[in-house]
Structure formats: structure tokens, C-alpha cells
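Report on the following structure.
To keep things simple, chains are lettered A, B and C as they appear, and every chain counts its residues starting from 1.
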Amino acid sequence: MDSLYVAWRYVTWNRGKTLVLIASITLVAFLPLALQTLLNESERQLRTRALDTPLLLGAAGSALDLVMSSLYFDDEVPARIDMRAPAVIDESGLAYPLPLYVRFMARGAPIVGTTLDYFDFRGLQLAQGRLFGLLGEAVIGAEVSMRLGIGVGDSLVSSPDNLFDIAGVYPLKMTVAGVLADSHSPDDRAVFVDVKTAWVIEGLGHGHQDLARTADSSVILRQDAGTVTANARLVQYTEITPENIDSFHFHGSAADYPLTALLVVPDDDKAAARLRGRFIDDSRYQLVRPNTVIDGLMESIFRIKQVIDAVIVIVAIATLLTIVLVFALSLRIRREELETIFRIGCSRMTTVRLLAAEILIIVTVSAVLCAGLLWLIHINSAALVQGLILR
Amino acid sequence: MSVECHGRLFRISVIQWIVWGLLLCGCMSAVAADRLVVYSVNYPLAYFAERIGGGHVEVHFPAPAAVDPAFWMPDADTVAGYQGADLILLNGAGYAKWIERVSLPRRKLVDTSRGLAGSYITVTEGVTHQHGPDGDHAHAGTAFTTWLDFNQAAQQAGEIAAALSRQRPERAAAFNENLQRLQEELLQLDSRMQALAAAQPGLPLLASHPVYQYMARRYGLQLRSVTWEPEVQPDDSSWRELQSMLVRQASHWMLWEGNPRMETRKGLERLGVQTVLFRPAMNRPATGDFMTVMRANIEALTVAFDAPD
Amino acid sequence: MGTATREKMISIQTLGFSYPGAGFRLQVPALSVASGEKLAVIGPSGSGKTTLLNLIAGISVPDAGQVQVGETTVSQLGDAARRSFRITNIGFVFQNFQLLDYLSVLDNVLHPYRISSALTLNRPVRQRALELLDQMGIAGLQSHPAHALSQGEQQRAAICRALLPQPALILADEATGNLDPDNKQLILDMLFARVDDNGATLLAVTHDHELLPRFDRVQDFADFRGASS
């Protein structure tokens, strides 16, 4: 007795029908499982990052925007705070602040303006080169290095804020001082610069010819006692080099310089609780625990997922009914064949066995396909989540 | 005693010496490993750190002797040295512009004049420039020789001691003891300066360079500045500027950061102005230390105040 | 079974059968077929010829009388026993061949062995299947799909399938009904030859009167009393 052989012949003979059945079953099984895998991975990534970041200080407003920008370098720019905020944290004596200014992009990668302490805090290792030392230097994440094919000594130009922004943001050509080792985190996708370099991109700091000493009078618009007004011919450096670095300087009060957030690292849990207490009623700032914000986000995601699950269940039932219909129709088409095998001397159970063998083959192939696809999703889940969800 | 006995004693004493030697080496290397690496942006802060930290800190002040540390730009290797330090002592008050152009780990920065920020002196000299008719950038600077007010110097030393104690709480007592001794000496300088100034209140003084603002404020000195460099012979317009200053108010003493050229000194003497060497000690002195330089400064200034007006 | 002497292969007495709810009733007072005999059964359409084959094969159970095949009283066996008896002792040849399109010619011949637990597919069986195909002149077509064959070739493959378990009794229901005249003679020749080789008995229902002289005996259904009640 060889029902599987006969069933195999039958399903391979009816290729079209078999492929449609396999595709439907595979999809119905694969979709919810893949979705679950990706959601689990997103949650893992979101959680790991959130748990690694005890507190986050930002301007009062959307806590989610603040967390997404500061932890995952999402392109939504939260309301800004200024350099008075780190002083507030410093003065509390309860924590130390890590400034973050995440606003600009360079060839599709977010530019993260911060200080060297960030690398210590995140435990990031260099794969090559060194950390940024001079203004205009950048340290790039592993993925940026791979995607753009650049390494130590190469340069990277910041993207203008918008194409017609002629007054504000000048593209800055940054030199890659180091490349980070793969950390399987959003840091892989970022370009890190000193927060002062980010301010240079913003136009708060700049370098130019010494106006008092310049021999080229054509750049001078007006010269009063002590005040020199330059016209647009004044050379704006778009690259910071050892030759011109001495001319770079910042204008205005340092306290007014912008930041998007502070990573706040409290001395201990008690200090964290006390610090949180201080900011509860603050109208300018919000001090959030990223993990709590992610809790809220995951709740929303899981509510959406429940809806999707319900839809998938309905689709699965519809698919199942379709499959039952397909088999029922196929039994009708094969009535003569089944009658013949009964007349030859087989029981009615033979029909059931043949049908079961066909279903077994189709389900097995679907399961193998589904498992293969899920395996692909699983091994690429970190990258997929970074590429599709946490962009 | 038998020869055999002598030999045994000798062996025991050799082993004892070896054991003591090993213990000593161990202790020394433990101390060395435990030493805080401190980088400073000027000499006074480096000196304070050396005094307070004693053997428990390794103080680096890498600016070459020939440069003015306030307007210096370290190379990449030197910056890497600063980046690797346990503590980086900043003077604050806009001192050492180069720190704006490099990346230093924020957690390791110690702004020693943090507590003085409200009483910085703003200087209006320098060029204001504009980019186009609507963008005005004031380059108004801040006077930065904060330590020449010895009371302020004592406060800056206090910040250094606090930072060292935060890094090594187990040594806080030793640091505080050293700090007290240092602050006593600084406050002695402070009282001597106050006593000196009280001898002739309002004595009109000149300064070759605007670096004595905090000192003038603390001790109530009548100080007017030109912008002369010790190694550069002033030109005619500089002399005319000085003469017109002297016409407005006579003054017989000019404070110098370094010894002026002989011609300058003679020219000043012809105008009845004597040279007083008062070194701010921004860089490490060739001989002596911060205290000996400051005591010599006060000695020199004593001559002016003790002289009959 | 399979004795060479002229013993009775089929013995029917006072057989009665009617389909539930149908007006027709089949009645066979007596019919006996000797072992090795080739009997043709003729009769008008609807006279119950196929029903008779079903009763002999144990597909249907009579409500009166008995059907004995060889030593076995088929009508007294249980359901499973009748199926098992049928697949091992009776070979069916159908008018429309009943080959499976999705199987090759050889797989069609082996099909009963693949789906029935009463038969065991082994090397000698495969060897015999190939010999049968060769004897029927379609050895070269063994791996062709059944639907690609001509009607004559299809019926030859169907005969191979019926004969492979070496049944003592072959029941042919209008086996030549769908064939052209040349093929009719040829297929009948081949069927007779294989039946003779196996020493089997043949009971063939047919409408084809020109073939009747080739049978040992002809049983006309008009001789039975089949009537509407």
C-alpha cells in the first residue's frame, strides 16, 4: 500500500491547484508568525535600549518623540532644550548628563551630536581609528561605514536642512576619525560628532578670514569703529582643517546653544527617584524613564497587533473553508475514480487515506516553506526591524 | 659563632631584603596604578592639583614653555592625552579657546571657576563683526586671569580638591588637608596684597597688557591698560597713547607680564614710569613655582606702594 | 480456487435484488458458469446486466437467494471480507477503462496494489506487470501518462490492471463498447489469450452480437424474469 506515492502523483499532476493551496496555507501560517517574530525583535531592541537608558530629559512635549529621537535617532526632531539643562542636572549632584543634539543628517544617516562620554556610557568599541578629537571630526557606526563604503580618513558631508536654506545651515565636510564595531543597535546607523560640531553645522559656530586683518577689502561691507560688517563674499569654510581650525569660534551665549535631549545617568535608584520628583511639575522640561514610554508604545503596538491577529484569524478561517471547498470539489471531480477503486475492492476509507496523504503532503510542504521563511526572518530580524520598523 | 651559622644568617637576611624589596615595589606600583591622571589648561591649576593631590595624582600640563596657553592649539596627540585623563581642569571664564575646537569628555571636565561665573569681568576690547546687515556677532570676551585674585584662586583650588575627592573618596581627607595648607598660603598672599593696597589707596598704576582685571577689582587698584608686548618695541602711536594717558592722570608704575626690552624700559623711565614685573604665571616658570613667583610679584609691587608718592 | 477441472465457478440460485426506492427488480432463477468457461451475457439496456455483475462481485448484496463464487458464498460474507475477496479473486474490465490520468501506464496497472492492504507490491509483481504489458503489446508505453494513450491502448492497460492479481474470475462490462471494430477483435483476442493463460473464467456483458460466436456460451437476460413491479 502506497497512498503517499499515489497522492504525490496526484498533487504533482495538479500543479496549479497544489501551488495555490501551498501558497495560501504558507501565507496564512507565515504572516502571523513573522509578524510576531518581528514584533518580538522590535520589542527586544526597544527594550534593551530603553533599559540601558535610565532617564531622559527633554523639552516638555511628546515623550515618545523624545525617546524615539534620543534612543533610536528617529527623524522626528523633538522640541529643543538648551545648554542650561546640563547645568541643572550637574547642580543636582544626583546624576550626570550626556547632551544629545539629533537634528541633522549626512547621506541618510542621522548625525548625533554628543560628547565622548556617550561611547563609554553605551559601551561602544572602535573597530578602527580613534574617537573624534578635533572639531569637524566624526565617528561612524558600522552600518554607515558598510553602506557608504567609507572608513577612517574619508569624509562625509552633512545634508543641508533644506535645499533653499541659504542663510542657516551650511553643509559641513566632516572627516571620519573612527569606525565603531557592530553593536546591533541604532548606534550602527548613526554618525557621531561632538555636539560643538553639530552647532557648527547649525551655523552657531563658524570659521572665516580674520576681518580685522584681511587684505581683501571686497568682503567688507561697512567698517565702523570696532565693527566690521562682512558681505556674502566672506568665505564660509565648509570643512574644518588644521589650517583653519584656529579661526573657528562660537557666537552668542553658550547657555543658549541647543540640544534635543540629555541622557541622564543617576548615581543610584534613590537619586533617580529624587530627580524624577524634581521634574514632575516642571513646565519647561520633562524627565522620562524610556522604559515606561516604551511600555506605552508596546501596549499600542500590541493593541494593533490584536486587531491584525483577528483579521488573520478571519482570513485563516476563510482560507480553511476555501481549502475544504477545494477538496470537496476535487472529490466530486474524482467521483468516478473513487467509485472505480471501490469496485476493484478498496474500502471507502481508502479515499479518506488518499485525501489525507494529499493534505499531509501539501501541509508538510507549506510547513517546510513557512519554517524556511521564518528562519530567514529570524536570522535577519535585527536588520529587518532596524530597516523597516525602527527607521 | 660558627661559619655555618654565619652563612645561615646571611641567607636569612638576603631573603628578608628580597621580601622587603618586593613588598615596597608592590606598594609603589599599587600607588602608581591608583594615581589619578589630571590634565590642566594652565600652570596655576596644575600647581594647585599637584599641591592637593600630592603623590596620588599625576599632573600633566602639556603646553610648551614658549607658548601662551590661553591662545594655544594642541595637536591631535596632545588632545588624545587630554581625552584619556581622569580629570581635565578648566580655568573657565573663556580661558583657552582651543577647548571649543576639540572634543573632551564632559564628565571629566572640572570648571574650576564655576562658582565665580556670576562675577566674571567682561572686556569690551576686540573687534565686533557682522555677517551681512542683519547678523551681528559681538566678540565681547571675558577676563580670564581669575587666579590673580588670590581669594578666587583659593576657591578654584577648592573645586579641584572637590573633584579629586569625588574620584577618590577614600583619599578625601588627605586632599582636604593639602587644600587647607594651600588655601592658607593663598589667603596669606591675599592679605599681603590687601595690606599693600591699603598703604596707598587709589595709587594710579599702568598695565602693559589687560590681564590684571580681577586683581585690580579685589585689591582696589587704580589700573589702566595699554596693549604692549614685552618683547616688542612699542611704536610711536603707542607712545603717544601712553603720553595722553599720563596727561589725564600721572602714574609712576607700570606692571609687566615679562621683562620689557631695555629701550622700552628706558623710554618709560624718561616719562617717569618705573617697571614692575608681575608675572601671571600662566605657564610653568623656569625656576621656582606658583608661590615663589607670586611672592616675587608682591615684593616687586611693594616697591611701588612703599615709594613716597 | 483456479482448479483446471470443469467445476462450477459461479453458482446462482433464486437470486432477487432491487434498488431501494426503485421500481426495478432483478430476478435470476438459476445461473451457473463452469470454471474456465467464457460466458457472454446479453440483454436489453436496463435489464440488470451490470447489477448481476455487482451481485457476483459482492458490490451489492442480494435480498433473496445466493451467489457462490468457487467455494465461497459471496452473498453471506461481511463487508470487509467481500472487498478482500473481490480484490484478490475478481478482475474488473470496464467500458470506459477507468484509468487514472495522473498516473503512468505502469502505475495504473500497479494501482490496486498501492491502495489496497490486501495486496502486496513486490519485485515479482512488478516483473509480472511488465510481462503483462509486453504480452498486451504496450510495454513501450509503460511510463507514458495514461491519457496520452489511444482508446485501444487504454483498454489493454486496463486489462493488465484487472489481470495482475491473477484473479480466477474476470468480469467485463461492455469491455469493447467504446472501441472501433478492428480494435474490438484484437482486444478480445488478447483478453481471451490472457484468460486462457491464467486458466480464469470470463463473464462478459456485451451488446455486440458479432462477438458472440467467439464465446463458449451466451446467456440472454430475456430468459430471466426481470420485470417492473
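The rule we apply is simple: a residue touches a chain if its C-beta (ideal position, glycine included) is under 8 Å from a C-beta of that chain, and two chains touch if they have at least 3 such contacts.
All of these numbers come straight from a predicted model, not from anything done at the bench.
*Asks:* Which interface, named by its two chains, has the most contact pairs?
*Replies:* Here the largest contact count links A-B.
*Asks:* Relative to the centroid of every protein C-alpha atom displayed, which chain's own C-alpha centroid is closest?
*Replies:* A
*Asks:* Taking CA centroids for every chain, report which one is farthest away from subunit C.
*Replies:* The most remote chain is B.
*Asks:* List the centre-to-centre spacing of subunit B and subunit C in whole Å, with centres computed as mean CA coordinates.
*Replies:* Taking the mean C-alpha position of each chain, the two centres sit 120 Å apart.
*Asks:* Suppose each chain is reduced to the average of its Cα coordinates; what separation in Å results between subunit A and subunit B?
*Replies:* 48
*Asks:* Can you compute the centre-to-centre distance for subunit A and subunit C, using the mean CA position of each chain? Integer Å is fine.
*Replies:* Whole-Å distance between the two chain centres: 74.
*Asks:* Which residues, counting only subunit A, touch subunit B once they are in their complex?
*Replies:* 86, 96-99, 115-117, 120, 130-135, 137, 194, 196, 205, 211-212, 221-222, 226-232, 234, 245-246, 248-252
*Asks:* Looking at the complex, which residues from subunit A come into contact with subunit C?
*Replies:* 1-3, 5-6, 9-10, 13-14, 336-337, 340-347, 350, 353-354
*Asks:* For subunit B, which residues are in contact with subunit A within the complex?
*Replies:* 73, 76, 79-80, 83, 97, 100-107, 127-133, 137-139
*Asks:* Taking the touch rule as given, give the residues of subunit C at its contact with subunit A in the complex, in rising order.
*Replies:* Touch list, subunit C to subunit A: 57, 59, 80, 83-88, 90, 92, 94, 98, 100-103, 107, 111-118, 121.
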